[in-house]
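Paired with chain B in one complex and with chain C in the other, chain A is shared by the two complexes that follow.
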Partner chain A sequence: MAQFLQQMVNGLSIGSVYALMAVGYSLVYSIMNFSNFAHGGVIMFGAYFGFFAMTQLKLPFPAAFAVAFVGTAVLAVVIERIAYKPLRERNAPFLYFIISAMGASIFLENIIIATIGPTFRTYPDVFGRTSISLGSVAIGRLDLIMFVISAVCLAGLVLFIEKTKIGRAIQASAYNMKAAALMGVNTDRVVMIVFALGGMLAGIAGVFFGMKYTVYPQIGNITTKSFVAAVFGGLGSLPGAVLGSVLLGIIETLVAGYLSSQFRDLIAFVILIGVLVFRPTGIMGKTTEDKA
Partner chain B sequence: MLNVENLHVAYGGIRALKGVSLRVEEGEIVTIIGANGAGKSTLLNAISGFLKPAAGTMSFKGKPLGRRPDIIVRDGICHVPEGRLVFANLSVENNLAMGAYLRNDKKAVAADLERVYSLFPRLAERSKQSAGTLSGGEQQMLAMGRALMTDGDLVLMDEPSLGLAPLLVQTVFEIIGEIHKLGKTILLVEQNAFRALSVADRAYVLEQGRIVKEGKASDVAADPAVRDSYLGAESKAGG
Partner chain C sequence: MRVRNIVAAILVALVLISCGGAQKADVIKVGWFGALTGDQAVWGNNEFNTVKMLFEEINAAGGVTVAGKVYTLEAVGYDNKGDAQEAVNVVRRLTSQDKVIAILGPNASGNAIPIAPILESAKVPDIATVATNPKVTVLDGKVKPYNFRVCFIDPYQGAVAAGYAYEVLGSRKAAVLYDVSDDYSQGLRQFFVENFKKLGGEIVADESFKSGDVDFRPQLSKIKSQNPDIIFMPYFFKEVALSANQARELGMTQVMMGGDGWPSEQLISMGGAAVEGCYFVNHLDYDDPDVADYKARYLKKYGIETELNGYLVHDAVLMLVDALKRADKPDGESVAKALESTNIKGITGKIAISPETHNPEGKDAAIIKIIGGKYKFQQKYAAK
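And then the complex of A and B:
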């Protein structure tokens, strides 16, 4: 039982960071109906921004954290302007968006390899390696902080989307861009805000992954997990993305704990295939068409 | 109020509008009738800023029309789109709130909401319900109410009676009259030519991207060629 609880706690922690990435996917998908595969590159940049802000600029962790998520918010918006906006203006088919996203993703990864190299880098130890005991369960400090910050960010995002005027404009645009424009919504700005939000959360996730593992140019590949989580929960649905992520995080840690950690990555793709075959809308998704 | 001069619009390799000129004066109901594919919706989408004209000019209240849909809404043109496009994921109330997206005067917005609810009591009853659960007729009312909430002076309506039961078609045209009485100018695109001509002051007949006839609605309705092409089927169907 104690081991089970321990795995649940670890699963929640990693699942909450998956959720940060998955909502970024889902937000963009809900507005533009394509999966933004450049998201992984943005996460990777977040990890590097945070790393260099701490090691080169010698910033304390909170400041480095802010540098990372502001940097990735800007980066995500710039990617949108360069890689997607011209396609939007031509009403291009969604396949073009995916190709453009893959191009952006390859570019981001290689610009890092070409400039600062492919080496693995380790974040300075900020929170210490000791863990906090809660009865029989031990929580790593980093895991706890990851969970708390992720939960706060996700709650903030939900409040923003549900309670603000711009949030309502995002929901309206997600349902139908044209109708939103007919209400006077500047849909171009909505797209920009959505990318900024997704980029911000990606930066936060990037820093956490960098701290939990290491920083390297392919760290963005971890987004395949959040993509699986987003599909699992239902692409385009924010609650779905969070639920899918947390479930995936828990399932993965349970599999790693009780079976073997080598099965951990396998299970994510088993889930992906299972969902696509048996329930393509995911747990709470909006549509089954064009989910690519 | 609205002036369109020699408008050409092409998309997907098709020249959908080939030199359309029309005007709408303040306080009028003007209708554009024409067959499917004549370019009626294209014309409204060009006025609303969704399609870029290849040539031609458009002006509203004496000034050139804005270049983006949201700017055109701000200038006072609202558009009830074909297929209604209500936000099915939002409540009726929030759909109407979206209509007032650009407005900051809370008092005037509240007064307009009151007005929309008295015009469409059904919407008041269902204000908390998600718009996706409404019937087709109710969604049409919501789309109209939502457009009224933008407080535009010119209302573009694209096929408001499409897909509605005959009894509801009647209601929709009565509502168009009510909206007109609120002081709105209306540009109405309809396949139901018979009904449209009976509420309108003036009419244009659009055929294959060109205006082929224009005049007082009653004169257009009396025109033998128009009767043959657009009203024949209608009278056979019993109107």
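And then the complex of A and C:
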């Protein structure tokens, strides 16, 4: 029983890591209808921004945190302007967007390797390595803080999209970009705002990842799992992305804990494929169009 | 008269030349190859410098006696740039052109594996330095007749770790976490498990992950529930640091142990307090009194510190000199035969070559413990 509770805590913690990334994917997907594979690279930059803000500029954690997510918001918008806007203006097929995104992702990883180097860097200790014990179940302080901050950010995002005028414009554009443009919505600005929001989430995720798993140029590769989680939950749906991530985290943990760690990914992904066979749009996805 | 004088002078000269030639025949040429340029150049230069230094010392002390005759040693070294294709070319040149009777190096398994056919056709033995892959000396269960090595092989580390954990640390219940996508990790795990069970220990958890994973808590929680005495972690420093940190976060206090994938400056900076008090297996200890003399001689001659490779090529030279002394004739075939029965004490430990594998069997490994963020040598240990 103690092990089961501990595994559930582990699963929730891993799931909330996936969720932070998956929401960024889903947000961009809901507007642009393509998978932004450069998201992993932006997360990696967030980890480096936060790290250098703390170690080189000697900023306290909250300030470094802000530097990271403002930096990644700017970076995501710049990537959009350079890599996607020219394609958008030419009405290029979605495949071209994906190739452009992969190019951006490779570029981001390699520019870090070439300038800063491939070594691993460790964040200064902010929350301490000790964990809170509830009976025999241990909960990491960082996990708890990460869980709370992610939940607050996601709630803030939902409020922003539901309650503000820009949020309504995002919703309209997500439903039909052309029609929204005809109704006087500045869709170019909407795309920019969506990328800025996705970039902020990436920055937040990046700082937490860096603290949790150290900082290195390939850290963005963890996003593969969160992409799967976003598809599982239903691409384009924010609550779906969160649900898919948490479920994936828990399934993985339970498979590793009770079946076999050798088959952790195998079994977890077979379950996901099974769900997608019966619900091709994921758990909460709405659109049935064929989108990459 | 004058003609006769000239003839006499020519005869004398011829005798002198032939004498000179005879003196030249008292030199034994030994080949060396490795990377002298490129990103492995540090290790290659270190090896070749060590070989040259040792040959000078041996010659100054009177040379080597082979089958009752005294010879001096001459090193012929070539750069293969760490390239496997180039390794083949260089060995061909050493055997056919320079007519060396034995070759030392290379350090990399990938360069040591492809040279076997050339060694066999030329009947020249080779002693690899830090090439730890089992395939360097044994292929498909058959020993390669002219390939030898001076270091222990990857699976052996697993056996050493098991022995030390059971005999010295007194562990009875062990858990293993390993990288299922890595040959090195799998080999170490297999031999740790086999040997630990053979000694009478119990493997309470055998969990795996795959390269690139960053979260090990599901596996660690499972291990925790089995309450082992020790956790064996045969993989590289990055995953070691992450998994050790996560284990400590889960409240696990067990001692952890690993292999030669651990030592790195970054292990300490990333792992910090989590790896404190943990052990790993290494080829040797740099502070071991046995290596101090060589280390000092090298530093004095070249003005820089020697690397891991230098210690191993040092013992490769000891192996060769020992084999030369016992050989029937100064040729490759006889030296190879003598190498098969090598049993000497090197600075990196006991070197007893097995004729079946051409590996030094039961060679001492160094056990290192992490104390106060420093690598502290504990003792030498050989698996039985």
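Observations, loosely collected:
The criterion applied here is as follows: the second predicted complex is superposed on the first by the 265 of 292 C-alpha atoms of A that agree within 3 Å, B and C clash if a C-alpha of one lies under 4 Å from a C-alpha of the other, contacts with A are read in each partner's own complex, and residues count from 1 in each chain.
By definition in this document, a residue touches a chain if its C-beta (ideal position, glycine included) is under 8 Å from a C-beta of that chain, and two chains touch if they have at least 3 such contacts.
In this text, all values refer to a predicted model and were calculated from it rather than measured experimentally.
In the superposition on chain A, the chain among chain B and chain C reaching more residues of chain A is C. In the superposed model, A:Ala174 makes contact with chain B only, not with chain C.
Of the two partner chains placed by the overlay, only chain B lies in contact with A:Val185; chain C stays clear of it.
After overlaying the two complexes on the shared chain, residue contacts for A:Asn221 are found with chain C alone; chain B is out of touch.
When the two structures are aligned on the shared chain, A:Lys165 is found in touch with chain B, with no touch to chain C. Contacts of A:Tyr96 after superposition: neither chain B nor chain C is touched. Of the two partner chains placed around the shared chain by superposition, chain C is the only one that A:Gln6 touches, whereas chain B remains out of contact. Within the superposed three-chain model, A:Phe127 lies out of touch with both chain B and chain C [touch as defined at top].
Once chain A of one complex is fitted onto chain A of the other, the partner contacts of A:Phe61 are absent, as it touches neither chain B nor chain C. Common to the chain B and chain C interfaces on chain A is no residue. Considering their complex, residues 180, 207-210, 212, 214-215, 217-219, 221-222, 224-225, 238, 241-242, 245, 248-251, 266, 269-270, 272-274 of chain C touch chain A.
Interface residues of chain A facing chain B in the complex, by the touch rule stated above, are 165, 168-169, 171-172, 174-176, 178-188.
The part of chain A that touches chain C in the complex is made up of residues 2-3, 6-7, 10-11, 13-14, 17, 119-120, 122, 129-131, 133, 138, 140, 212-214, 216, 218, 221-222, 252-257, 261-262, 264-265.
Put simply, chain B touches chain A in their complex at residues 48-50, 68-70, 73-74, 78-79, 81, 85-90, 94, 97-99, 101-102, 146-147, 150.
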